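Presented below are the structures under discussion, each in the form of structure tokens.
Look at the two complexes coming up: subunit A is in both, with subunit B in one and subunit C in the other.
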Partner chain A sequence: MSPRVTFPNKILPYALLLPQLVIVGIFFYWPASQALYQSVLREDPFGLRSTFVGLANFRRVLNDPNYLNAVQNTAVFSVAVAFLAMAVALLLAVMADKIIKGKGFYRTMLIWPYAVAPAIAGMVWLFMFNPTMGTFAFMLRSSGYAWDPLLKGDQAMLLVIVAAAWKQISYNFLFFVAGLQAIPKTLIEAAAIDGAGETKRFWTIVFPLLAPITFFLLVINTTYAFFDTFGIIHAVTGGGPGKATETLVYKVYHDGFVNLILGDSAAQSVILMVIVIALTAIQFRYVEKKVHYG
Partner chain B sequence: MADTTAPQSTAAVLGRREEGAMLGISRTSRYIAHAILILGVIVVAFPIYYTFVASTHSLQTILRPPLPLLPGDRFFDNYYQALFGGVGRIGGVSVDLLLFNTTVMALGIAVGKIIISVLSAFAIVFFRFPGRMFFFWVIFITLMLPVEVRILPTYKVMVDLGLIDTYTGLILPLMASATATLLFRQFFLTIPGELVEAARVDGAGPWRFFKDILLPLSKTNIAALFVIMFIYGWTQYLWPLLVTNRNDMNTIVIALRKMISFADADTQWHLVMVTSILAILPPIMVVLFMQRWFVKGLVETEK
Partner chain C sequence: MATVELKDVRKTYGGRVEAVKGVSIDIPDGAMCVLVGPSGCGKSTLLRMIAGLEEITSGTVSIGGEVVNTRGPAERDIAMVFQNYALYPHMKVYDNMAYGLRNRGMAKDEIDRRVREAAATLGLAELLERRPRELSGGQRQRVAMGRAIVRSPKAFLFDEPLSNLDAKLRGQMRIEIKNLQRALGVTSVYVTHDQVEAMTLADTLVVMNGGIAEQIDTPMAIYEKPASIFVAGFIGSPAMNLLAAHGAEQGKGLTLASGGAIKPRDLAAPEAGRQVLLGVRPEHLTLVSDSKNADIEMKVTAVETLGADTLAHGRPVAGDARGGELIARLPGSVRISEDDVLPLAIDAGAAHLFDAGTGKRI
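Up next, the complex of A and B:
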């Protein structure tokens, strides 16, 4: 709950909000509204005239098999990244909560990837698994496995998923550790005295109490997988091989900047906006309810 | 790593057993926990370690897998070449200029975001005015409007305002922050109303309250956000890709991407690896040196 006591000023709050609102207006809402506007227009090939075409851009985009492919890729990618990054982080955090010595050491060793740019994370993983010179690619190949992420779509997808999830483990780990520390030890002791084993205690006490943090992380991880991983895709696969790793965000960029199809790119932006707004709104509503510490 | 399994003094062992017994955690499961953590550390740290190893080997060694697990003898040669001799390979720009650009961008974004967000959260929490919740939502919704969903029009705004290839262009549009505003708001909400009341009774205006009470209380949060936002700025990819054309305005991450061509055998991998290390070292240093504040701040912001 907000403090009941506030300052009486009437103009000052607007002045305080002004910098943020100006930036948000010029660089967020104005362009976003332009994207909305352009999504119902069609430009001629020379960009001289544009005509109102209603929902034609959306219809074309949604009927484009390439777009549906990108939808599917994005779904697979986001679910896999969020799940992998959160599951590994939770496992490590629960382990770190059990031990007594060395907590600081493990934490330090686990948090550095947080500072690595997604694009660099991707390049590093590709370096290790690059078919021509990657050491692990070499090992996979010598053991008879046909590994070539530059030619095989599934393997390319696997590579970008692992690289993206790897980078996110640190972040999730820190939050899960914080969440675990916040759980009163007396609760766990009580359950232990009642004879609940470690696994049972985890699923019946610890995991439910972590729910707020898990949901918070779900929002963050989904947003991360949707947007912040553009660098990984762009730097590592360029959407390839054969559009196997082309995500929605990559396609928006590619259609807008490389193929220069304004209407389609705008329509894709709008669809993406709707998806993200819906997703974040639902999740945040839930989080707000669950995490009101007030 | 070794000290975690080293023999303990009797007292320590007893202490551990006692605490473990209290929480019903057996010694075996603690050993398993250590094993899993060590495995986790290896998996998490290995890619960076391996990049470092690669940065100390010659191009020939790198191109003939498998790469040794230990650093080679080309550390000084490679780093010297990348820092002082490899200029031509990154589009005629020296590594230190790239690092400078990236530093300016990261610092500008971090400081800018904090200032703007603290002010916004202050307004939203400690004042009552028409449109308060509306403005809160206006800021909140930007969380759902990342660059990627408004990419072309934003680029056009940048061109119209003449911000392409400028530091302002790299920094200003990324200074808005729903996340930071939300976190500060959440923190401000935990500050008891009595504090505001006391300040008002003592005749302190909002500015005085902000400066003398709110900011000192927010120190950890500011430090935590600084780390997060510095790294956010440092690791930006799409934005610098869009708003910089000139090589001398590139950030190091973008320059690195330009150095690499996976299909092409011409890539100077040893220099790429050195540049990678140089590109990830500063933000890693920030996380490590500010780790305490960082983690503490994160925990506190979550409450």
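Up next, the complex of A and C:
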């Protein structure tokens, strides 16, 4: 343990912390507390008066079949996005680690999609797979596959999952590449001498040593799938067809800003917050136990 | 257990850089061969080619009489101890040692027997349930050894295994490795840049420089008859003194550039006028009573008192030694100080002559 830094001046340490506290206060605690406050109020249609209604908003939200549908969509969507984004990124990272010539170029190309804004990423995928003008949609249809994400909910879900995962692959790739580089070459050589083939080496040596990174990415990707995919869903499907791709965060937006049911929307965002906190806690509590840091 | 033979082994990187330029070594069954040399001399590359971790550009590597050039590291039946130990950090000591056996599909109770036996030999029995990060440097080194011996391979390969340990532990582990290797009788190749390790461990010592084997012989033979200036300077600590000289008239021996003549016994005197270097180890310079009996006079510039010995660093009063430096190893009882002028006699029987041009022994 390094000794604690002691400041002779009593005010200085607080002054140094102040900018951080202000930012967190304005952009997190204040809106979060507003959401909490709003979630127990009911606003009249004209926004002139609000009444305290206790937990009535929560009761209504949790009994709403549309809400349960969003929960289910979110579960499918998050698991699929996190798994797909991490698996593909790991595969690409392992392959990028092997090539010798053009390593830098290859990596740069793979990191680029991260610089694309979510809505743009959504549009790119929409253009490719739009049933009326999409190139790939045309190819799918001419090969006899009935591709129509505007009408078929499961196809729409597939499309947003792929688009959301695609956007996150670059980020995961970057971390996996760094993780792979941190594994000493001699470990791999020792395993090769110990008679482990390439696949075996990966699953018994490389993958366990990447565990801290995989765990970190699991947390990040789950949070990403829950919150940051709003733009992609909004651009590609708008939650449709028939609420087939409406996730929790999309419903928060839709109920709050389109339907203007502020109380319900606030109650939903509080529930969403609780779910994500619980998920992260569970990940740290159970998954991290299987992770060895160095 | 097996012999290891290298025949004209070469390694070229990208068709340009030659790391190993044709090395041939025969290592008999059960012998310890040490490759020693400065960094970049190709010794590690050579070892990695024996292990199968580097491709062999040309030449052959045979283990147990079979050419293994095209076999992967796993099929060569060798075990390697790495400088950084390369222990699997996420596995317990037991699993580290068992990993290679499990990969080869050995029965569980046989694995258990072998691991426990090796652990007992190495004093690791108490540590089997620990992870590498919970071990000291010396213990990790032992686990790395254990991982090698449980396999009972045809050959052990050591890549500077002691460089990460502190001096005291290094001396201790050196003896342990030697005893273990003798007891198991496994043919070994050991790479080091430390000449003390090289001298003490080797049955066959290979001194490498610039991708070639400068000399291959027993450690004592190399110490007593170094084949070149490089070997003379590399083996022995402190390094051998090299004095510029030339052949004197017929039968008169050598004239030192510092003035004075010397006739080394057992050495053929070079023809008159031929430029040579006279090699004298610091321990073969003796202090004499006065300058009349001295072969060379040295002005002391620094004194290192080691207790048993005193090392006197200095320059010849007249003329030139190679690099201008002379070192004499004197008995610890001698009291000298800086700026003293020491009359020194060269033990002519233990002197070496090298051609000044080629650097080869005459």
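The rule is simple: the second predicted complex is superposed on the first by the 265 of 294 C-alpha atoms of A that agree within 3 Å, B and C clash if a C-alpha of one lies under 4 Å from a C-alpha of the other, contacts with A are read in each partner's own complex, and residues count from 1 in each chain.
Here is the rule we go by: a residue touches a chain if its C-beta (ideal position, glycine included) is under 8 Å from a C-beta of that chain, and two chains touch if they have at least 3 such contacts.
Everything numeric here is computed off the predicted structure, so don't read it as measured data.
> Touch check for A:F7: first (subunit B), second (subunit C), both, or neither?
Only subunit B; A:F7 stays clear of subunit C.
> Considering only the touch criterion stated at the top, classify A:G102 as touching first (subunit B), second (subunit C), both, or neither.
A:G102 sits against subunit B, while subunit C stays out of touch.
> After superposition on the shared chain, which partner residues are touched by A:Y114: those of subunit B (first), subunit C (second), both, or neither?
first
> With both complexes superposed on chain A, which partner does A:G263 reach: first (subunit B), second (subunit C), both or neither?
In the superposition, A:G263 contacts neither subunit B nor subunit C.
> Give one of first, second, both or neither to describe whether A:L209 is in contact with subunit B, with subunit C, with both, or with none.
In the superposition, A:L209 touches subunit C alone.
> Tell me which partner A:L17 touches in the superposition: subunit B (first), subunit C (second), both or neither.
first
> Kindly classify A:K200 by the partners it touches after superposition: subunit B alone (first), subunit C alone (second), both, or neither?
second
> Looking at the overlay, does A:A192 come into contact with subunit B only (first), subunit C only (second), both, or neither?
In the superposition, A:A192 contacts both subunit B and subunit C.
> Report for A:G239: first if it touches subunit B alone, second if subunit C alone, otherwise both or neither.
neither
> Which subunit A residues contact subunit B in one complex and subunit C in the other?
In the superposed arrangement, which is not itself an observed complex, subunit A uses residues 189, 191-193, 196-197, 294 for both subunit B and subunit C.
> Going by the contact rule at the top, pick out the subunit C residues touching subunit A in the complex.
51-53, 72-74, 78-80, 82-84, 86, 88-90, 99-100, 103-104, 131, 133, 147, 151
> Using the touch definition from the top, list the residues of subunit A that touch subunit B in their complex.
That would be residues 1-7, 9-10, 12-14, 16-17, 19-21, 23-24, 26-32, 34-35, 38, 88, 91-92, 95-96, 98-102, 105-121, 123-128, 130, 132-135, 137-139, 150, 166, 169-170, 174-175, 178-179, 181-182, 185, 188-189, 191-193, 196-198, 201, 213, 216, 223, 226-227, 230-231, 234-235, 249, 252-253, 256-257, 262, 265-266, 269-270, 272-273, 276-277, 280-281, 293-294 of subunit A.
> Where on subunit A is subunit C touching in the complex?
Residue positions touching the partner: 184, 186-187, 189-197, 200, 204-205, 208-209, 211, 292, 294.
> Which subunit B residues qualify as touching subunit A in the complex?
Checking each residue of subunit B against subunit A gives 1, 3-4, 8, 16, 19-20, 22-25, 29-30, 32-34, 36-37, 40-41, 43-45, 47-48, 50-51, 54, 62-67, 115-117, 119-120, 122-129, 132, 135, 138-139, 141-157, 172-173, 175-177, 181, 186, 189-197, 200, 205-206, 209, 231, 234-238, 241-242, 253, 256-257, 260, 262-263, 265, 269, 272-273, 276, 279-280, 283-284, 286-288, 291, 295, 298-299, 302-303.
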